[in-house]
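Chain lettering (A, B, C and D) follows the sequence in which the chains are written, and residue indices restart at 1 in each chain.
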Amino acid sequence: MFKSFASDNASGAHPKVVESVIAANKNHAKAYGYDEFTKKAELKFKEHFGGNIDVYFVFNGTAANVIGLAGITSSYSSIICADVAHINTDECAAPQKFIGCRLLTVPTSDGKINIEGIKKHVIRVGDHHYAQPKVISITQSTEYGTVYTSLEIRRIADYAHKNGMFLHMDGARLANAAASLNVTMKELTLDAGVDVLSFGGTKNGIMFGDAIVFFHPEYAKDFKYIRKQGMQLASKMRFISCQFEALLSNNLWLDNAKHANKMATLLARELGGIPEIKITQNVEANAVFVIMPKKLIPVLQEKYYFYIWNEENSEVRLMTAFDTTEDDIKDFVSTIQDCLQKTTVKS
Amino acid sequence: MFKSFASDNASGAHPKVVESVIAANKNHAKAYGYDEFTKKAELKFKEHFGGNIDVYFVFNGTAANVIGLAGITSSYSSIICADVAHINTDECAAPQKFIGCRLLTVPTSDGKINIEGIKKHVIRVGDHHYAQPKVISITQSTEYGTVYTSLEIRRIADYAHKNGMFLHMDGARLANAAASLNVTMKELTLDAGVDVLSFGGTKNGIMFGDAIVFFHPEYAKDFKYIRKQGMQLASKMRFISCQFEALLSNNLWLDNAKHANKMATLLARELGGIPEIKITQNVEANAVFVIMPKKLIPVLQEKYYFYIWNEENSEVRLMTAFDTTEDDIKDFVSTIQDCLQKTTVKS
Amino acid sequence: MFKSFASDNASGAHPKVVESVIAANKNHAKAYGYDEFTKKAELKFKEHFGGNIDVYFVFNGTAANVIGLAGITSSYSSIICADVAHINTDECAAPQKFIGCRLLTVPTSDGKINIEGIKKHVIRVGDHHYAQPKVISITQSTEYGTVYTSLEIRRIADYAHKNGMFLHMDGARLANAAASLNVTMKELTLDAGVDVLSFGGTKNGIMFGDAIVFFHPEYAKDFKYIRKQGMQLASKMRFISCQFEALLSNNLWLDNAKHANKMATLLARELGGIPEIKITQNVEANAVFVIMPKKLIPVLQEKYYFYIWNEENSEVRLMTAFDTTEDDIKDFVSTIQDCLQKTTVKS
Amino acid sequence: MFKSFASDNASGAHPKVVESVIAANKNHAKAYGYDEFTKKAELKFKEHFGGNIDVYFVFNGTAANVIGLAGITSSYSSIICADVAHINTDECAAPQKFIGCRLLTVPTSDGKINIEGIKKHVIRVGDHHYAQPKVISITQSTEYGTVYTSLEIRRIADYAHKNGMFLHMDGARLANAAASLNVTMKELTLDAGVDVLSFGGTKNGIMFGDAIVFFHPEYAKDFKYIRKQGMQLASKMRFISCQFEALLSNNLWLDNAKHANKMATLLARELGGIPEIKITQNVEANAVFVIMPKKLIPVLQEKYYFYIWNEENSEVRLMTAFDTTEDDIKDFVSTIQDCLQKTTVKS
């Protein structure tokens, strides 16, 4: 049986999400988001993120980021983000293609960016040769599995707003961050000054779908056209929205995230006991980054699928999900130990 | 209970499709299409459309059309299509935005275009002021619910190829066309000279998802990048592909389409008996276009949702779906008769 | 010696324009439009078009139209224009590529569009499937050499503004229209409700360069970035602006246009006397459209270069320029007569 | 009288260039590049760069770079360049907007990039999440006024070709590099493996205009459409091409470049004698980078216009041009000395 630490995307959907999909399939419903399931899901978002928001459902995280950013930028804008930001390294230039903009990257060793680094790009205001900085985009939890505190976010938001910019959050794993910090998602977004949020569900137990949350609906005035032109208007939208309804009900989002985080912590603890393996990032959400002996990797990948983050130093990324079990981790760790012994691969 | 003749998009998913989704949710699976469900679905496509094809799953029909066309055009290309083509009138300029191209429209009264009309645009070859015609795009079944025969398609394909162009088919309702003509889908595509097909499932009983079929894989060499940059790469792709696997198995696609077509024929027959109502297009698939008394429309829309196709002459579009029942039609028709009597709305 | 009725683009520059270029070449000057020549040229524009305008110089008419329109549209906008509009037929899809928008065309037999035709596209307001009409674009004088009166423009402007749209004028030959109607250019633009003007000089005696005039500077707030990103910011901008300074001084623009118009009238009169030739459009500016015997065309093109407008009915376009002489016309007409006799080409 | 070390763009045109423009203005000529002047200019390019090339004239350097790169990339490509590359920092995201691509930047302290730095981006081949590296773009002479040798270029070209990539050269100041190295321009381009060259004239004595040179015409097959759609097709193209004809005749390009370089050397020598001023880059072409006392800058800018390269460390860029005189330099240097004394601004 295939088991993966490659990505929280390798997991399926939570049973309650599937139930919600089955329930949504009863009758005819208006297409293109004018249905009751979508209305209910929007209300759920308002419960969690405040009543004065606009929510747009789209198909995936790429789109949530790209068209969400399109809603608050022009083609002559720049977006400031971490060098490891997903929008920078893993979207096949979709932001550039769809928006036309520049990404200005801030080097980071832990996935988090700070004002010192951001500042270097906020220059040449009014110079028509320079694509004008308009948005700061942060990822929560970060691509390295670390987490911004509310205060850190607030500082960046204040800096952004003082300089006429917006704060965007790639919240593909916002739930994991909230679970990690034991705060509400609202505290990490609206309350901390975030203007636009890409809220992901796929990595936290749904089948597919993302939501773009505008905390200032006036920015979203024409957004429905951007979504449609961005090829993200689902005809049977209920099948996205009903999943979010389930995810945001009865703390499912939180339970899933907490569990995934807990499994990452466990995994890190277990791996920490193996001298050949070095953990490289703080484990604050559901990712564990480790350097392992180069020769171990292919042997281990015969049984487990995971990403090599850095070929040069043999750093790999291990993700846990809502359905990772303690047994999965034990099995994985003991497989590592076996491999290390048998093959006597030592660094 | 809400019942709709607005669109085949108003229906939900067929139970077998839902079963397939539930079954696909068992374990972890590789993300981004490297999973077993996607492989199986691809094989199903090869069963139906021939072995030498490339299949790419995307989220919806807008994307299937737009990025499929992007795969075979340049920004300085023109795409020739019917004036009523969905890509022309209903995609919020997504083709123009994503590809950069021109659409050259051929007037049509029944949704079908012919070489006479196409020819007028195939001019100024080599003139750099004129975006060069590169693709002819036809919709099968058409936006008016009519159907191209294999021979009609072959003629257009031959003309396209002779002039260095490709033939694209918007097959959002290809199943309905095949059911109508009692031919295989391959006969209407590969065998008739179609180069690229957008194959829709959403209107024929799945929850969401479209497939782009390249009949000459050499055109699709770099298409995976276009899909990703087009924001259409699903991380948990199995949840799209497994639906197609169900749809293309055990003739589900055909049974669904046949049924929808049959219901349209029934609806047309019933409406044909009402003197105040005039059927305006041949009913060859699952659409019925009728002109009805202007005053009838709002009264009827209190109970039924459907699209007004042409405000000026009170033409409306009525769509049937795989789950439309004879009772639905009887109820709809008797409601019309009631409304006509009670309100004495006469044209 | 090469002589042409192909286009007013075939002529060179007026001696006074060349003088202005030579004069501008004296010293160093600030680059990118921060020079004195550009300031002076802007003042000239204010003399002609009113004091509260913003002027941006660009390289050519394609750019003036495309980026001017980009300044007042979104990618999900539609632009309504004549079917024969240059932006529709002769820009190689540059508007679609740069803006992303749809062009909605109004059929016209004389190059002019009216509200009846425009209205058919101003539908589906608020429908996210339909790229929303945002600009009406008219060409003055038109592609057929006809001219909109101030009143006709005002009517279209009022309709545009009442419907939340802008009026754009492709003024590649605005000078010819003003000369024809014996009114100022301001009467045909600002006073008639035009919001954005592409003002061409190339066809009226300069070497190269166009100006985009915003009659409501608030629309142009960020336009300098659009110009730069549109690859239209000249480093040595003085060499564009100084040409406009010459053109707009001492009535050069008007004298040039008047002369070109007069030559067209003369040409039409002369051709009108040849029974084998049929004039197809009113000659209101500097274009003469005629149908001539098919066999005559290649013979005539051995000596004269001109465009075949319509292959099917042998309609050709003949343009006069600021430097066309009466002798040129006599020579052209007598050549036609010779050809007709010698080759006995009769229709 | 205004004198500038701001940019070689602040200078006007060389008298011989103006003469060529005047000569080109004699008669009518075919528009859009089908004229004799353009043909002659193309032949001149072949004299200098080899017979098997394709040359396209455009309006400016932004366009030459952006659409030249568009000719050899896809929207899902990456372009590797120096962090200080003009295409990266000074084109207002025009490459991103027009091409859709990513720029991958290599940090550099002297403007030159090497394979070590390039290599880090040539990863993830075939991974659809990663915009695929397709072009390496180098600037010759660099943004820091340094120069790549033929051998250095050859090494990068070989690396590019071995990895399925192209080598593009931003040759806005190629003439200065050739003059500096005492080699032909062909030795620095075709012979060194460059695939596409943006050849600038504006900074070397013409009024406006750039040329895109394809060393492998098969890459340029459809390029005329890209130029037109890129809004870079001049109607009266002769006024661009005739300038290049003059520039490339009788060694004007070389004399101009040699002179500018010589003046930079002189300027550097003079400034080198002032203890408060520190030269920061090798002076290999026509740029001198210096750090000067912060307080000196505004005082000096009252008389001279120049760019502050780095606000933080008071580094400024001083450019010489074909028309910079020894007197200009003496005047400039003595002004600096005066300012330093009078204001006793010391670092």
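We take it that contacts are C-beta pairs under 8 Å (C-beta built on N, C-alpha and C of every residue); 3 or more make two chains touch, one makes a residue touch a chain.
Computed from a prediction, not measured in an experiment: that's the story for all the values here.
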Pair exhibiting more inter-chain C-beta contacts, A-C or C-D: C-D
Farthest from chain C in C-alpha centre terms, which chain would that be? A
Taking each chain's mean CA coordinate, chain B and chain C are separated, in whole Å, by 41
Can you work out the whole-Å distance between the CA centroids of chain A and chain C? 51
Report, in whole Å, the distance between the mean C-alpha point of chain C and the mean C-alpha point of chain D. 33
Using the touch rule from the top of the page, what residues of chain C touch 2 or more other chains? 32, 75-76, 91-93, 97, 100, 128-129, 131, 225, 228-229, 233
Could you please specify the touching residues of chain D with respect to chain B in the complex? 32, 74-76, 100, 128-129, 131-132, 222, 224-229, 233
The residues of chain B that touch chain A in their complex are 1-4, 6-7, 9-13, 18, 21-22, 24-32, 59-63, 66-67, 91-94, 97-98, 202-203, 207-208, 225, 228-236, 239-240, 305, 323
Quick check on the complex: what are the chain B residues that touch chain C? 75-78, 89-93, 96-97, 100-103, 123, 128-131, 311
